[in-house]
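First comes the structure, then the notes that go with it.
Labels for the chains are A, B, C and D, by order of writing; each one numbers its residues from 1.
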């Protein structure tokens, strides 16, 4: 949860609330009620569920708890739209979220309207503690906006017709791919974690010193073209390149390429929210698991960066920059721009790090149900950094820690290489 | 497939086609696009899929094969809406039918309209062979009408909100339950199977003599009240009452009552397409597996009838009578009417028999893909007889053989007791 | 259980008891303690367990229940060596029988000695009811002798070293394969089931009339050579030949040949208790599932016989004849002898029939725990007839009904073709 | 693998080789061939397999690769006794190791004798590289000695008779439990990892500076008595105490106590290689998973130490001290001795740390197949430190890193609490 002393001014919060809530609606705009109902796998949730759950979050932790006289939109919905908060009682099994043809998408949109009106109405009278929860709720909703894009993609990819959510936006001819260079970093003690300015999740705190060893980071992300070489040189068939668990995953699932790649016999295509398109070699590779990222790095004679190395490198860069989500549409990573120095740090694809998701020294989860936000997931997952083309601009920062299980790859994930010096 | 010499006259077929196709639409009327998209379990299919598959059947086996110049509505849809015809090529995995948010319900209804128009247009020019296939297609669609009701019920039962598809139709006060009597039948050789008059599926043929032993059949179905006694006397906890496979099924699945029953601590309720309602004791028990039917019969000191015994008993009764489906609505079994002699033979609930589904002596499946209709399922399943409240009136007959696996119970299935004499 | 009026004379029973018990020991003779401990799959049991369980049967149902003052060899062993008798209380999970390194094989042999001595000592004083149970126990042990051979084969086949239990007995040069002829049978009513002379299991009764339709039975079993043609003509790759459940079984398990066949690239070999040997074409095919037998018959334009057809044909033949088990050793089916008329009816391989294992009209299981012997398995299994090369001679008869699930094939099972006339 | 410049002198290696190899035999001494054949779960291996695999290691990497003219004991055994070395070719599936009744335990002991003789014979002529591999092989065998004890315990615990491997050695009356105190540690930069003196596995290197934050370590291990309070205060029923993955593990497996604990209704017992005995409260809790350790620490208002904190604390202590394995017997943790300062650092139980098993900065696996020893497991596992009562004395050291998956608990694992200062 938020680690900030003073809440955001109410006027700003008012506008941000409206903007964030509007983006969720816009993302769902191409979806029919049926599209928004499907759960393509237990990891993913229906779009309708995301729309409702983010509203439940505001309704539960702000309206119910801090607005006297507020009446729940529907008593029965807490059971449907609680995600994983044990402190908030029983809930529908995660794998059963796709059974909810009722309430309809329209009813869920009504629910959103109801919560929006009540919250905007109450905003000026909320105590600081509740305003912090509004802030948390907005960041929470931004996370679900990216999840919606991921889950919509997984949904359409499960349909043999491979529908597209949006028409393809015309791309420029892809630029020539800049050569890969290394950016050297010296060792030393650096401060890591959220610095207290603006919003941060609890897992980014406390800020603390970390010891960094001399190393070098690639100045751009690994591309589809480079990944094709890995495929061509039998990267998916050489056990020596893989972690033991990764190799088992490859064999059991018959993995031969990143998720959403398919070959038509001659050429590789990739499926996205804009449909099935030829693979562009200069773009960053996307939708790979930690196992794949790790194997590729080993094949390349390199390794993944640690999250501390990444954060130190990112500290001086603009978290609002790069290819991030500005409006609803088929998020897609772009080739690295020309130039020198670290590029693509923010946006394009989440970068797998070598760091497992663990508590920082002195970490304390928040009190109450929102204390379940991050802490209880600090096991078996790896940290990803930097946001992606599907991350709403303004959501991510240098200290931001995302996390997934090492086999997961429906998120917009790629990698940047690192080397010891 | 059909075992009939002469096709139905075209005018009659024309009207029947329109009536059958209209009923499917009416059954789907209460469904939203999302309702019609959900697949609650691999055994069940989305309503949308049923609507499309039944149309694919007409399009493939009649329009494509017998109407020169007919163009498929959409080339890609054969992959989506072929059910299990290996002879018709690859198809979507059965458990993935719930991924089809596209095409939408409206598009599927357009598809139906297209097929309807083309078929009615072509009807007068079709050869006898194709007319027989139309007849088959209508019976096929009636089967799917019952499946739609079963699958809609499974869908709504998977939603914690327990929505109802139709408002409850007012019931009369339940009649006093008639006492159970036995109807004696002498042994001998009887003709079994389809007699060649009217339509019959291939598995009902050839008609052949069968040897019946003296026995007695209950004059009515087993009721919810009788089943409650079985529950109360620990019927679900006594292994001596169960087949070995049945007992394993009970333990692994924690079975304690028929499907869709739930207890609120004091009373038993049952869920149906009209919502959650108090259990009515005089109604026939419904939604039980073969294992449960067999265990109940053992507990009652009786047995299940064989399919031959049942057919001989049913031979003289009116297959158009009883509680069958006349219009779209929440199919529900009724208490036995007062009277003497065999009642509830047709309609109310399908009656589990002791007979496994096997080929009749001399059975030959049809040539071509429709030969996969029944024959390849003649293993591991049990025969049910008599139709149910969800069976469209006119579909069933004395020689009709339905079949399910012994653990399945989402169909409208119950039992009638039998005893050796 | 036994359906016989008068028990076998005690002197004869005494000798038979010693002979049967000795054969079990002889079958286990090539096994080390470790060999006798392994459970290669949940369907199979360790040899040690068979040796102990058959003794537990005598100890429980005769010594404990009918011999005053008898003390159990070890109180704790009932939990270990009860197979599936719910009436006899809890027991080790079936899949955990392979955890019993203790008691040792030597201790189990001591147990056998103890039970043997006590039973032989008590024999002359036993009431008729108990003598019938001794008779049942001997037939029970003969069943387990065949199971031991099956399970030893499964055990050794699971060891990459492919050890042999016995050295190969020298075979004669295989005879020229007799051509296949059909033996015609007219229809009519025939008596089926155990005739009350000698021992019979409860599932063979009551004897009852059955209606047979005109048909033809092959005069010998299907051979390996014929099966190779089926393989070569893509029998395992044509879904039209298979039952739906069978086809799923083929695909999920990658089935391409009978169990224990392997190809060295050029030639087919088969593994047996005498090791890995070249496949001999004139021998009956063995270790096939019902699904395979059914698919082969369809491919051959034939069908499987019903159990009634088989029994009528076998009624006049000598059940002591044919290739059955006379002494411990690597049971192996033989080519059909020259001649005319039905051959290989008894022995060589169990013959799959088209009949599911169901109760005969009027069937009543025995009272008490031995009532669980057969009746509770009358579901989902198919009947096999005629005994095999691994069936102790004297155990089988025309009315004998063996049964397995349609996917099982570690038993010595093959097929004989039939056709409607 | 070894990170040491100079090999151990050959004379010392000779004696150590004999001692280590003798201990393996002694551990297996109470086992019958059958005991040594059973695989109680896929994670565990049969004792026979351990005995053979450790010999295969010497045979493959030293005798085959470095002793001209050496002939393999049996060509076929590499397939049986390779564990996970992809570089050494195919091998028996891990879950099938329990199928090896052949070779017998006696044959495996012969194999050991053969390898011992050849290796001792060759020792004086081996190049330094091979001598380092001998050293590695000895440490490898010591690891398998502990695994043998773990797997024997799992084997006997799977037998309803609960046999004991060794008679109970008489214990003293348990001492009064010393109170728990905290030992404070200041922060700073400390050297971590193997210092190059003596043997170390590759994963302990390179030695590198680590930043430690001020904290406090408990001076002794958590006891059974303390764990009983956790159980009594519903520790296994409060989701707020658990990691999300841990809570799922608890629910899916019905976890209610440490492995090998059982309640007789009144008292708690624990099963060990000396049989089923009353639980002694002063002894360290043993056989717990990471999830349990983490939940307990949260319940206690503490946390687990990091591996760096642990190593710094252990650096000055004698790794030969404490309750470690000196001879074959039922390894069992002891109560903490009286005194002040850190106790039980070495021996008794492996201590779960909060650190996931990751490569140290600059880590490089060895070249060749032994490079698969540790590196490929650096994912999804947690580090345990300090050795246990089942660890051969002399095997462990301050820099030693053991690792298991967070749900595993058949190892001798417990915990020590830590707190931030």
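Keep this in mind: contacts are C-beta pairs under 8 Å (C-beta built on N, C-alpha and C of every residue); 3 or more make two chains touch, one makes a residue touch a chain.
The UniProt protein names, listed by chain, are A, B, C, D = Ergothioneine biosynthesis protein EgtB.
Quick caveat, the model's predicted, so the values are computed rather than measured.
Most remote from subunit D, judged by the distance between CA-atom centroids, is B. A straight line joining the Cα centres of subunit A and subunit B is 47 Å long. If you average the Cα atoms of subunit B and of subunit C, the two centres end up 38 Å apart.
Chain centres here are Cα averages; for subunit B and subunit D they lie 59 Å apart. In subunit D, there is no position where the chain touches two or more neighbouring chains simultaneously. This structure has the following touching chain pairs: A-B, A-D, B-C, C-D. Residues 32-38, 40, 48, 76, 79-80, 92, 96, 98-105, 155, 158-161, 163 of subunit B are the ones that touch subunit A when the two sit in their complex. Interface residues of subunit A, counted against subunit D in their complex, comprise 84, 86-87, 189, 208-211, 213, 239-240, 242-247, 290-291, 294, 303, 354-356, 358-359, 361-362, 372, 376-380, 406, 420.
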